[in-house]
Every structure is written in C-alpha cells, then in structure tokens.
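Each structure below is given as structure tokens.
Below are two complexes that have subunit A in common, paired first with subunit B and then with subunit C.
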Partner chain A sequence: MQKLLWAEQQKLRRSKFVWIAVFATVMVAAIIFIGGLVEYDGVRDIDTAGWYMSVAQPLATIFVLSAVTALLGSYIICREEQEDTIKSLQLIPVNEAKLTIAKMIITLIFSILLYLLLFVITFVVEAFLHFSDLSIEMVFGFLKAYFLDGLGIFLAISPIIALVSQMKKGYWLALVITEFYSFIGLFTSMSDNLKALYPITAVFTISGYYDATTSQIILSCMSLLLCVGFAAVILAGMNKTTTNCV
Partner chain B sequence: MLKLIQIEFLKLRRRKFVWMMMLSALIMPFLAFLLFKYAWTADGDPRQFYKWSAFGFTLWIILPVVLGILSTMLMYNENQYDMLKQLWIVPVSKMRYFFSKFFVVLIYAVCFMMVTFISSVMFSVLLEDIALDWGNVLFLMKKCLESGVIIAFVILPILAIATTQKGYILPVSITLVYALLGFIIMPINMYLSPVSSMAVIVARNGDIPGLVFTQAMNIPLAFLCILVWDMISVLLANIALGKRN
Partner chain C sequence: MTNYIIETKQLTKLFGNQKAVNNVNLHVKKGRIYGLLGRNGAGKTTIMKMILGLTSITSGEVDVFGKNIKGREKQVYPRIGAIIETPGFYPNLTGTENLEIFAKLRGTPAPNAVKNALEVVGLPYKDKKLFSEYSLGMKQRLGIANAILHDPELLILDEPTNGLDPIGIAEVRDFIKNLSVERGKTVLISSHILSEISLLADDIGIIDHGVLLEESSMEELRRKNGNYILLHVSDVSKATLILERQFGLKDYSVHDDHMLRIYDTSLDMASVNKALMLDEVSVISSQLCNDTLEDYFRKITGGDGIA
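Up next, the complex of A and B:
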C-alpha cells in the first residue's frame, strides 16, 4: 500500500491538476473577499473579525471545493483507463481495489490540504485586516473546523468517487453529480433535521459551523459513516469482480 | 455553417451524458415545488414561484455550470485525440469551427430553458394556490427563451478557454469560479461579470419580483459588458486555434 501511495503521489506531482486546484481555491477566497466588501447599513462584512474565515467554509464547499475534490478523485482513477495504463498495472499485477483505495487516500489528503490552504488564505487576510481582534482560541477553532471540513467533504463525496471508479470513464458524471449534490446543501441547510442528515451540510454540523445539539452531531456522524459504508460496499464489489476476473 | 452545426449535433448523439445533463433543468422547479408546498406560500402569485423555479439558481448557478461543462466537452475530445489537424485538412475554417460549437451551446441553452419552462408550469399546476394564467405562462416562456439566448453569450469565455486547453480540468475549474464570481460580485458591480450583467438584462423593468439591485439599472452597459467579454473570447479562441496546426 505504501508503494502505491508513493506512486500516486509521484504521478500527481507531474500533473497540472494540483496547481489548477490551488488556483481555484485562491480564486474562491478572492471572490468571497470581494463579496465581503459590500456595505450593509454602513458596515462591511469583511470588517467583522471571523466573518471571512467563517463564510468561506460553506461558500467554497458548495460551489467549488467539493466538485474540485471529486474531480481529482475521479481524474486520478479514470486516467489509468483513459491513458491505457491500467493494462500495464494489471500485468504487474496490481490489485485494482487496493489501487483505488490508495487513490482515495490521496484524494483525502488532497481534500484536507485544500481546506488548510483556504484556512491559511482567510487567516492571513483576517490577520492583516484586524489582527488584534483575533484570539488564539478563535483561530484554532477555525483551524479545527477547516480540517474537519476537508475530512468530512471527502467522506461525503466518497460514494461518488467509488461509483466513478467502478464506471471508469465517469469523471464528467462525478463532477456534475458532486456539484448538484453540494448545491442541494443550500436548501437542506434551511431545516435543522435535514442539515444534520444531508452529508454535505452534516460536515458543517460536525465542524462546528452550525450551532448543533449533540443528537444532531451524532446524526451527522451517522450520515457520513453511511456514505463511507456505501463507498466501501462499492469498492468491495469491485474487488470481487477483479478476483473473479483473475 | 449549418452543416457544421448539424455535424456537431450528430457527434453529440453518441454522448448520452450531454442529454442526461438536461435533467438538471428539473432540479430547481422540483425544489421550488417542495419549498412552496411545504415551507413557503406564493400567495397566488405565479411569478414568485417562477422566480425560484426558473430565474433563481437555475440561471445563475446551474445553467452556467452545465454549459461550462458542455463547452469543455465539445472541445475536449477533438483536442485530446488531435482531430483538429484532420479538420483543418478538410478544410474547415477555424472560426467557423468555433462558432459551430457556440451555436450548439446556444441551442442547448435554449432547450434547457424550455425544459425549465415546461417543468415550472407543470409543477406550478400541482401547487394548489397558483392558478394557471396564460399571461404569466407566456411571460415565463418569453423570459426563458430570452435568458437561454443571453446565457450562451455569457458562457462564450469558457468556450474560448476550452479551445486553449488540451485538458478539461482548467476550463471546468474556471467554470465553477466564473459562476460563483457572477453570483457574488452582483452587489458590488453588476457590470463587471457577464453573469451579473445577464441578471440586469433578464430582470429589467422589475420583471423578477424580489430581486433587489444595489446599483442603477443600465441595460446598454450590461450588453456592453457581455460584448466586451465575448470579443476578447473570440480573439482568444482565434489565437488559440491559429496556433493549433
């Protein structure tokens, strides 16, 4: 597994994808910053300590980051099929299910790093604008929230990535499904129960973006675990098919 | 030109996914139906319902994303398999090739908005407190047609970016950022992004209830914004295709 992880990391290093994802994250942060410059009753949102770090989480997730993470997951899985390297890998032989798990671990790390990058950008801007208003407790609270966002979003979209890995050439499908999957989160956030249940908004319940009761947090954890379970079932099915083929 | 457009559609016939994306036109009418059935009330005003089913997120988020993906798909396969060389040998004019893709996007956008229109009317009929009024139905159809045409021009920069790239990741990522930019930049300056300029054109004369603009409405300026972006896009596509020999 370690070798597979190393190989995946090396492959990703050569790909432009990482830089494009970084570019998308920086652009999203910049757009949200611009959004914060609007004055409401003579007060700009961006002048409120913590606003930028707080609002960047759902906006970046719903519109861009979840789709970018799903795109990466599906891209690194589908490119083997697309570039016909999967045959060479099967000849080695590499266990396809293990390969997919390695790719998913890379996607998880990538998701967390993307959110940490967003945290760094928002924190630097907040520190530049009103350093004295930021407390260590607040900053570490947001750091924890962003880390959990990265982890949670990966868990929430893991069934889509697993499904795509089964369909092979489905990266477009992964992108579209994830975009609408996260978009629906805008509506589920209107109801207390739905926002704890729906995987995308459940991430924010766990990360602390929403004020939630213990039962809601448990419900959200269960929702994300269900997603992981669903992804595991798909991957296990894949493993079975591979074994049968051999 | 018509032949080129026809060929583009024949190519799309084999791509079921493109037609599956059309189903996303049903998302907002269905969600609006659920919201007005269980959470809100339209007070008998169909425009309140149409605002959510056809003009809200469909126009600012869903359709730009769908068209951005379609634009990327239209360019991606030929770029990836180096099919362009064969097209240039035929010969096919580079700009005709680009505009044939644009017309596919335009027709797709209009069809998408027509699906939105039909589903909006159907879901509004299912709501008990909205009576079917032909005046409002015609208004919705007019607005859907209008926005379907305008949004194709709004998405032209994405099509141009897709021509410059062999891959699909950058154009798709830019699509997501582009849609978000248009959505967020609206309260600051409506005439910077084509997406927010489209909002000004579609919602002119207070046609969409509840949509508040922070700036004075200037329709010519909104058209100018889209025109400037489109001219730069065509220029970019021309340069990019010119380099592909």
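Up next, the complex of A and C:
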C-alpha cells in the first residue's frame, strides 16, 4: 500500500487538476472576502472577528470545494483508463482494489489539504484585520472545524467519485453532479432534521459549524458512514475481478 | 516437459458473433524470436492480450512457462515484459519519472534499472521533457524501456516499431536480436510489416482473419520459397522414387499427384528428364522458379499479401 500511495502522489506532479483546485480555493476565498466588504446599514461583515473563517466554510463547500474534490478524485481514479496506463499496471500486477483504495486515500488527503489551505487564507486575513480580537481557542476551534470539513466532505462525495469512476463517462461529470448535490444543501440547511441527515450539511453538524444536539451529530455520522458504505459497494463491484496481485 | 515458453491450444476469441481469433495453436520456443505476422485487424493484438490474461478467452488454453497464467499472475508477470498497442504513460510526468513509478511498483531491485533501460532505447535519463511532449517514436521507445526495466525472460511486443523512423526501427531490431542472441531472452513480436519480421524472427506465425495459416521456422520458410524446380509429371510417386534412387534426392516436396518441387537447383535436369522418360513417367513441364516471401504470403493470405 505504501508503494501505491507513493506512486499516486508522484502521479499528481504538475497535474493541472491540482492547480485548478488550488486556484478555485483561492478564488472562492477572495470572492467571500469581497462579499464581506459590502456595507449593510453601515456595517461590514468582514469587520466582525471570526466572520470570515466561519462563513467561508459553508459557502466554499457548497459552491466550490466539494465539486473540485470530486473532480480531482474522479480524475485520479479514471486516469488509468483514460491515459491507457491500466494495462501496464495490470502487468505488474497491481491489485485494482488496493489501487482504488490508495487513490481514495490520496483524495481524502487532498480534500483535507484544500480545507487547510482555505483555513490558512481566512486566518491570515482575519489576523491582518483584527489580530487582537482573535483568541487561541477560537483559532484552534476553526482549525478543527476545517479539518473535519475536509474529512467529512470527502466522505459525503465518495459515492459520486465511485459512481463516476464506474460509469467511465469522464471526470467532469463528477464536478457537475457534485455541484448539484452540494447546492441542495442550501435548502436542507433550513430544516434542523434535514441538515443533520443530508450528507453535505451533515458535515457542518459534525464540524461544529451548526449548533447541534448529540442525536443530530449521531444522525450526521450515520449519514456520512452510509455514504462511505455506498462508495465501498460500488468500488467493490468495480474491482471484483482482480486478485493475487501486489 | 515442453520446451515452449508460450503454447496456445485451440485458442479462440469471440467478439459478439465475430471470431477474432479462431483455434490458434501457437508455439514459442525458449530463446527464440517468434514473429507474428498479419494485416491490421488480423487478431495479433487479441492473441497477445489473451496470452497475457488482459482479455478473456472464449475457448482454448494458454500456457506460459509451461502453466496456465490464470491465478499465477504474481509469479509469472515479473518474468514478462510487454508492450500492447500504444504504450500508455502519465502525460504530466517525464519519461524518467514514469519509469521510476513502474520500477517502484514492480519492486525492481537494480538501482540503475531506469537509467539502464533508458540508455538501451536511446532516451535521456532525468530529461525535463514531459511524456505529453514526446513524439510517437519516443513514446514507443519509452514503452520498450518499461518492458525491459525488470530484465524479464520473455518479451511480448505488439508492433514495437510503430511510429519509429527507419534508423529507429533498425536500432530496435538490433536491440531485440541482441537480447535473444546474447542474453537468451524469448521474444514474441507482432508486426504487419513482412520485411521487419523476416529480418528479425527465428520462427514465424502467419495470421489472417484470426486463423493461424502457417507456423514454421524462417529457415524452413526461406528454403521453401527460394529457388526451386517445379516439376509437372504424370505420376509423382513414381517420379520421387526414381529421383531418390538414381539421384539421391532428398530435398523436395510433393504438392499434388502431378506436381513436385525440387529445392536442389544444381540437379542436371536433362538427366532427370531422361531417367523419368525411361521409366515411363511423362514430364509435362519443368521450370526454375523463384518465389519471394511476399509472393508466398500473398498466396496463403488469399491474394492481398502483407506490406
């Protein structure tokens, strides 16, 4: 597995999809920042300590990060077929189930890193604007929330990555489906029960963005675990054929 | 114990109702270069894929290193290097980076394996050029480098000279020949170019529309299709008896009840004619023929021949 993980991260060198994801993260952070500069009744949201770090989580997730992570995950899985490297890998031989697990782990790491990048951007801006109003507890609270966002979003979108990889219809489809899937989160967030159940908003219940009861947190955990279960079933179906390999 | 590194028995592949490969019995001997010759779409790649277990077999058997490959991939694949169709690599990486990935995944022990493999095919080590910027010839060379990276005993090369310039083709040919002659590697190579196979292969299999039309050594094929005397007589069995007894002839082949080929062209035909006539065998015609390999292929593949 170590070899496969090393190979997967090597394969991402100079990948345009990594740069697309980083660029998208920076851009969404910039757009939210500009949104915070707009005055409402003579008050600017950006002047409130913690607003930027707090609001960036759901907005970036719903509009950009979940879709970009799904795009990258599907690309990582689909590329072996599309770039015709699967034959060479089969002849090593590489166990396709392990290969897919390695690819999913890389996507998970990437998802967390994107959220940590967003955290760094929002924290630097907050520190620059009102350093004295930030407490260590607040900053570490947000750091934990962003980390859980990265982890949770990967779990929430894992069935889409698996499904698109199985359909072999190209990774851009993952972007479109996930964008729609995330956008529904805007509406489910209006109901207490639905927001705990719907995978995208369930992430925020777990990360602490929403004030939630223990039962809601349990419901959200179950929702995300169900997503992982779906993904595992789809990927297991894809990899049924290969055994006896590295 | 068989001496064949690859042996197929009644190998058949159906795509829908279409037979892509039809009852092919292929025999690749240890340490020899076997050229699989056929037109595009003849079934060469499908046969190679079935040998490697990359596609399912409809019926028949494939033995590699004396045993069925199915379920023994982990033991057998490290002994094989292969290129099937156009070799695929990661476009955002350099040739060296691509090979380093495959070397690591294979667990190639030699520290200079990547450097050596690139040197052999004439590609630079640690070059900055990305695979996406490679020419077709460079891609093909990198595919060959990947196939030999782990020093395999058996090479399965599907049209490895595709896209190479004439000098590149000659280099690859010499390199494959050296691998076989100097290092005892067994090579199964496919091509649709007759001259390429005739210059390289020790044994040849001619495939057309999924059927293996002929399998023999190149030496035998050349012998059969060089200079010969085509003798048209009234009674072939009587004629061969006379030729054997009176002229000590052994190097001939009988084609039907009236035609035979004599490969010893130094034979005195006047004496032969006289001897046959004396024993009441009528000689209808005798002529000196010279078939090229291409003529032969044209004949057995039904007229169109091979490039």
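Going forward, the second predicted complex is superposed on the first by the 237 of 246 C-alpha atoms of A that agree within 3 Å, B and C clash if a C-alpha of one lies under 4 Å from a C-alpha of the other, contacts with A are read in each partner's own complex, and residues count from 1 in each chain.
We adopt the following convention: a residue touches a chain if its C-beta (ideal position, glycine included) is under 8 Å from a C-beta of that chain, and two chains touch if they have at least 3 such contacts.
Since the model is a prediction, treat every value here as computed from it, not as a measurement.
Considering only touches as defined above, state whether A:93 meets subunit B (first), subunit C (second), both or neither.
The answer is second: A:93 touches subunit C but not subunit B.
Specify the partner with more touching residues on subunit A, choosing between subunit B and subunit C.
B
I'd like to know which partner A:59 touches here: subunit B for first, subunit C for second, both or neither.
first
Just subunit B (first), just subunit C (second), both, or neither: which does A:209 touch?
In the superposition, A:209 touches no partner, neither subunit B nor subunit C.
Which partner chains sit in contact with A:16 here, subunit B, subunit C, both or neither? Use first/second/both/neither.
In the superposition, A:16 contacts both subunit B and subunit C.
Once the two structures are superposed, pull the subunit A residues common to the subunit B and subunit C interfaces.
Correct list for subunit A: 16.
Give the list of subunit A residues in touch with subunit C in this complex.
Listed in rising order, the residues of subunit A that touch subunit C are 3-4, 6-7, 10-11, 13-16, 79, 83-94, 244-246.
Provide the residue numbers of subunit B that touch subunit A in the complex, in ascending order.
17, 21, 24, 27, 31, 35, 39, 57, 61-62, 65-66, 69, 73, 167-170, 172-174, 176-177, 179-181, 183-185, 187-188, 214
Using the touch definition from the top, list the residues of subunit C that touch subunit A in their complex.
52, 54, 71-74, 77, 80, 82, 84-93, 97, 100-102, 104-107, 130, 146
Write out the stretch or stretches of subunit A touching subunit B in their complex.
16-17, 20-21, 23-24, 27-28, 31-32, 34-35, 37-38, 59, 63-64, 67-68, 71, 75, 171-173, 175-176, 179-180, 183-184, 186-187, 190
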